[in-house]
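We just call them A, B, C, D, E and F in the order they show up, numbering each chain from 1.
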Amino acid sequence: MRPSGRSLNQLRTVSIETGVTKHAEGSCLIRMGDTHVLCTATIEEKAPPFLKNTGLGWVTAEYGMLPRATNTRTRREAAAGKQSGRTQEIQRLIGRALRAGVDRSALGERQIVVDCDVIQADGGTRCASITGGWVALRLAMNKLLKAGAISSDPMLDHVAAVSCGIYAGQPVLDLDYLEDSAAGTDGNFILTGAGKLIEVQMSAEGATFSRGEMNELLDLAGEGIAALVVAQKAALA
Amino acid sequence: MRPSGRSLNQLRTVSIETGVTKHAEGSCLIRMGDTHVLCTATIEEKAPPFLKNTGLGWVTAEYGMLPRATNTRTRREAAAGKQSGRTQEIQRLIGRALRAGVDRSALGERQIVVDCDVIQADGGTRCASITGGWVALRLAMNKLLKAGAISSDPMLDHVAAVSCGIYAGQPVLDLDYLEDSAAGTDGNFILTGAGKLIEVQMSAEGATFSRGEMNELLDLAGEGIAALVVAQKAALA
Amino acid sequence: MRPSGRSLNQLRTVSIETGVTKHAEGSCLIRMGDTHVLCTATIEEKAPPFLKNTGLGWVTAEYGMLPRATNTRTRREAAAGKQSGRTQEIQRLIGRALRAGVDRSALGERQIVVDCDVIQADGGTRCASITGGWVALRLAMNKLLKAGAISSDPMLDHVAAVSCGIYAGQPVLDLDYLEDSAAGTDGNFILTGAGKLIEVQMSAEGATFSRGEMNELLDLAGEGIAALVVAQKAALA
Amino acid sequence: MRPSGRSLNQLRTVSIETGVTKHAEGSCLIRMGDTHVLCTATIEEKAPPFLKNTGLGWVTAEYGMLPRATNTRTRREAAAGKQSGRTQEIQRLIGRALRAGVDRSALGERQIVVDCDVIQADGGTRCASITGGWVALRLAMNKLLKAGAISSDPMLDHVAAVSCGIYAGQPVLDLDYLEDSAAGTDGNFILTGAGKLIEVQMSAEGATFSRGEMNELLDLAGEGIAALVVAQKAALA
Amino acid sequence: MRPSGRSLNQLRTVSIETGVTKHAEGSCLIRMGDTHVLCTATIEEKAPPFLKNTGLGWVTAEYGMLPRATNTRTRREAAAGKQSGRTQEIQRLIGRALRAGVDRSALGERQIVVDCDVIQADGGTRCASITGGWVALRLAMNKLLKAGAISSDPMLDHVAAVSCGIYAGQPVLDLDYLEDSAAGTDGNFILTGAGKLIEVQMSAEGATFSRGEMNELLDLAGEGIAALVVAQKAALA
Amino acid sequence: MRPSGRSLNQLRTVSIETGVTKHAEGSCLIRMGDTHVLCTATIEEKAPPFLKNTGLGWVTAEYGMLPRATNTRTRREAAAGKQSGRTQEIQRLIGRALRAGVDRSALGERQIVVDCDVIQADGGTRCASITGGWVALRLAMNKLLKAGAISSDPMLDHVAAVSCGIYAGQPVLDLDYLEDSAAGTDGNFILTGAGKLIEVQMSAEGATFSRGEMNELLDLAGEGIAALVVAQKAALA
């Protein structure tokens, strides 16, 4: 029934390749089917001004799409002179999600910037950015630990994200672009490795949904996240 | 226990005053305690270009805060030269929420712009904007109906929004600024008059939450929205 | 003869309500007929850099209009990405006018920002902003005096403003929008409580005027300002 | 008494050289002492959109300063990414002033853009821009008349501008930079060749002035404008 | 002698992988050693306005760098709100270079946009962009030819680019970042498959060079380009 | 054969007038035929941040065109809100060229900003800016030397620039606008007084050129630069 032939609770093929750029302190290329996102983590030995003398660190994220990551070319935001509302919304979400998995006191007064750049888009780019961004962040933290810059691990748990939605009347896991365009109700679910919720965003563009539907999607998301965490572990092994 | 002395499931005092500006096709000043938002609806007899020849209309929203709506002065966005990511995120949310309550085919190829300007802020400005924005929209639709510009009512149901969160370990309804700053987990809930869900956004800045907590907040939100719908009806009566 | 039925030297109904927002150090809502402007004064304990070590303070102003303050919706300046030339011209005028009434040495090295936001426009918004802005500024100064932050009152005199013009061949006081649109010659007059001139701006869009006409408008302005100063005093009493 | 040794009612040496650039339809370099402004007029065979089908033309102005026109280098506005409030205020003033001398119906649906670029500044750049801009405009109109594009002359009268102020307690004509910086009260006066007033802008930065002083400055301005009109005529002869 | 151990006239390892994104009409990932650039070509069935009714097409280019393509993170241009002078200079160069290899009349009134996004930088990104961009363009042209949209091939010849410079007193081919930072004199050379020159840009930051040195670099460039054209052919085979 | 009747290796009439503005530390108006550029040099007693504690100075340049320097009016960049790619490319070139003639260690930690503003354009504005900018820079250096702020002359040699191209099949020196528009191949050549090369930029918009043609243009450029250096010397004498 799904355009891709997947079963309702089946993720797309996940691949997380680490160490893909020579400069970044942490990096990976995550592929969720045809959605490919390059994630890099940069360590900056200075926290943002509002954290001065708090002993706390910061994790933030930026998001971008290459102009031809999409089916028709999207105008380059640098040429347009500003980031769209969509871009800003997504990068704020990625940053919040990753911070939820970090003990900012253990990190100390430094900042890690996670850049998520979509090389090819087929739905679910913000979720892939979170799942891959976490791996890049983990690698950068490993570097800090190894270098002795920090003494205890600031990473509290895995963080991963997946979208689910009602497609053709059925709750499905990990929407691709075709499904995403057609789904009335969908949501993004960000969970920890232990299955706790970090963020839930459900909406029904021009429609409504029930708590029953919401629970079905939450169940699916839980299954999907568990599999994504396994993929994260494998990539880091 | 709550700083305001309210009980856990008690809304702030709600007041919705309609017809507050002489120019707008619909307007109201909504007060949720010390949060005051001026909402106006403007009818434009032209839909956005992407709807050309579709027969469908559009509802969109813009959001702003007066510089001294907040405890310390916030820089004027017009002077800064751009809307912040927060502003864009909020106005996209308001627009989506209001569109969920409108039959865009009955509206026809015209656009209604709902402006929500926060005169004074004490938490929950985006929710107050949605609840008040819906009243302004309703009044503008009444005007179109009365003028015979449209023949059937495009308004499908009431739309209202409220925030809930875990404050001091307890689920509470309609967070004010003090509660909002301290709450680990909170969410914005947008529902219809019939109690259907339009949008759910829950997050735990730097923490996590469980499905049990989520359900408690959803229950509270349902109660709150029911009361807000009563207030909307009273304001329009 | 005037659209409003007012006599030639009659102000619109003036109302100045103080203390209208809970956050600002001084605030008022001034209504000149259907022109409504919210004025707030914010005390900042730091003067602008160019005053460093001079012992002098600064008073500045910002001006904005809600998008639907006008008869047809005006594009939000924050969305447009810049303040119009008109906005900048007006806020520079308000700042200069208010500074003329302040002993900047008695204020000391701090800044007061007066925000004037037009909630509803019917002509004369810049004049109303000055008259109301002065009240907000006075209230903020009172707060500084009461707190002992300054020892002598920096306020030298009242400052108020009014527009006058030649409408249908007659000099009239306090133009509303209909008169303003039709007047060949008009001017903005800013005076002190003692009747001294602070700023005079007269122009004749696409026409000319004589010194005789100028003097007639100055006479009218003097009358109007005297009445506005009475209203300022009453609001503060 | 004046830094330049001029008498109270003495203009700086005025020189208006026409035809200074080969491309513009009208051009001149005006020198008021050490203030030098290059003025060009460009004819565009299309009026602005808001005049479509009105039969009326438009005259507008833009103003700029070369970065080192001033004593210390001023940041280039093109590099800063926006025109300052001061620049916008000045160019709006120049445009209004020039329009007051033009019968826009005789001009027909076309636009003339007058560019005023300050090559060297020593006070009074906006007034020099108006006086010189009028000459460039006159030359462009001559070109239209000669080419038969318009049949009757749209120029109603000369337009010229001068600043006056109270310097060291005395009313003086045509302030240079030293005087302008020290003057408590000053004003810009725009008059026609027939001595009618187009615009009067008087202000007292941080001080006040009387109607008596105002009249003295107006008298001086009248004298100065008469001499400037003679200079305009000589330049065009 | 070279940091990489390469001989003076040795290119870095070149790899051009085609078809790397599923959306673009033409694409490749070019690797010149550690410099990796993703090139995509997008066909737009509308030429820019200035070519309306000329029968001519257009080829243009845009260039970007992922923030962490570099050794230390570079600020995202979309966040900064504008493209740097360097970026604009480079993308104008790429566009000119590619147009030199195209018969714009055979292309017809359509536009091809070549996006060059640097995934990892180690010197020579603009040259790699041209060499790879040509391959993406070639593939897009093939698509147009195959679809019958154009009848004759608009591609006149191969276009490729390489940098050369004087490093440690010796002329060397294909500078990497270490060499580029240290070279006094260097240049970018754009040639056709037949060895004709399209563009030569030589400069000596803070120094000078002789015509003899220039000729040595031109000789090296000729060798390098010949090898790059072989690599382009192999990639397309 | 040339539109101007000049012989193939004939420069336009060159005129360099120094001391044209009273404020700048160095200034000249250079005229290359109908191309007129005002060049000013400003001494700033602070080097850019990246040179802090290096003992090195900096020379940079900015470039602009008055709106009506061109045949049809060009939009003012300050009004457009940004400098075009062309402007940025040119001002980067001017800066690099001038730095090549300066011993930045002898200059010490200060900056000289050279502003080149085109008053009238007829081709070759970037070359005229370099040739004239060098004269302004020389004058500013003289001022520093005379004041004893620096002890040894930082100027290493003259720097001048000229364009050459293939026009109507013939190599010609110093293209004017008509020739520049028609030339297939052209280049900008920046040389020192001793005839050493600083920068060579040759391109063939939509075409190609040979090394033979390149050498012919280089020969012409050498002749032209020698004459320009004579003109620089004469202007400074």
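Following the convention adopted for this analysis, a contact is a pair of C-beta atoms (placed from the backbone, for glycine too) under 8 Å apart; a residue touches a chain by one contact, two chains touch by 3 or more.
Keep in mind that this is a model prediction, so the values were computed, not measured.
Contacts with chain B and chain F are shared by no chain at all. Distances between chain centres, each the mean of the C-alpha atoms, put E farthest from chain C.
Our note on geometry: chain B versus chain D, Cα centroid distance of 51 Å, whole angstroms. Multi-chain contact residues of chain E (touching two or more other chains): 81-83. Listed in ring order from chain A, with chain E immediately after it, the chains are A, E, F, D, C, B. Interface residues of chain B, counted against chain C in their complex, comprise 21-24, 27, 34, 38, 40, 42, 44, 62, 64, 66-71, 73, 76-83, 87, 113, 115, 117, 119-120.
Chain C meets chain D in the complex at residues 82-83, 85-86, 88-89, 91-92, 96, 99-100, 104, 187, 192, 196-211, 214, 218.
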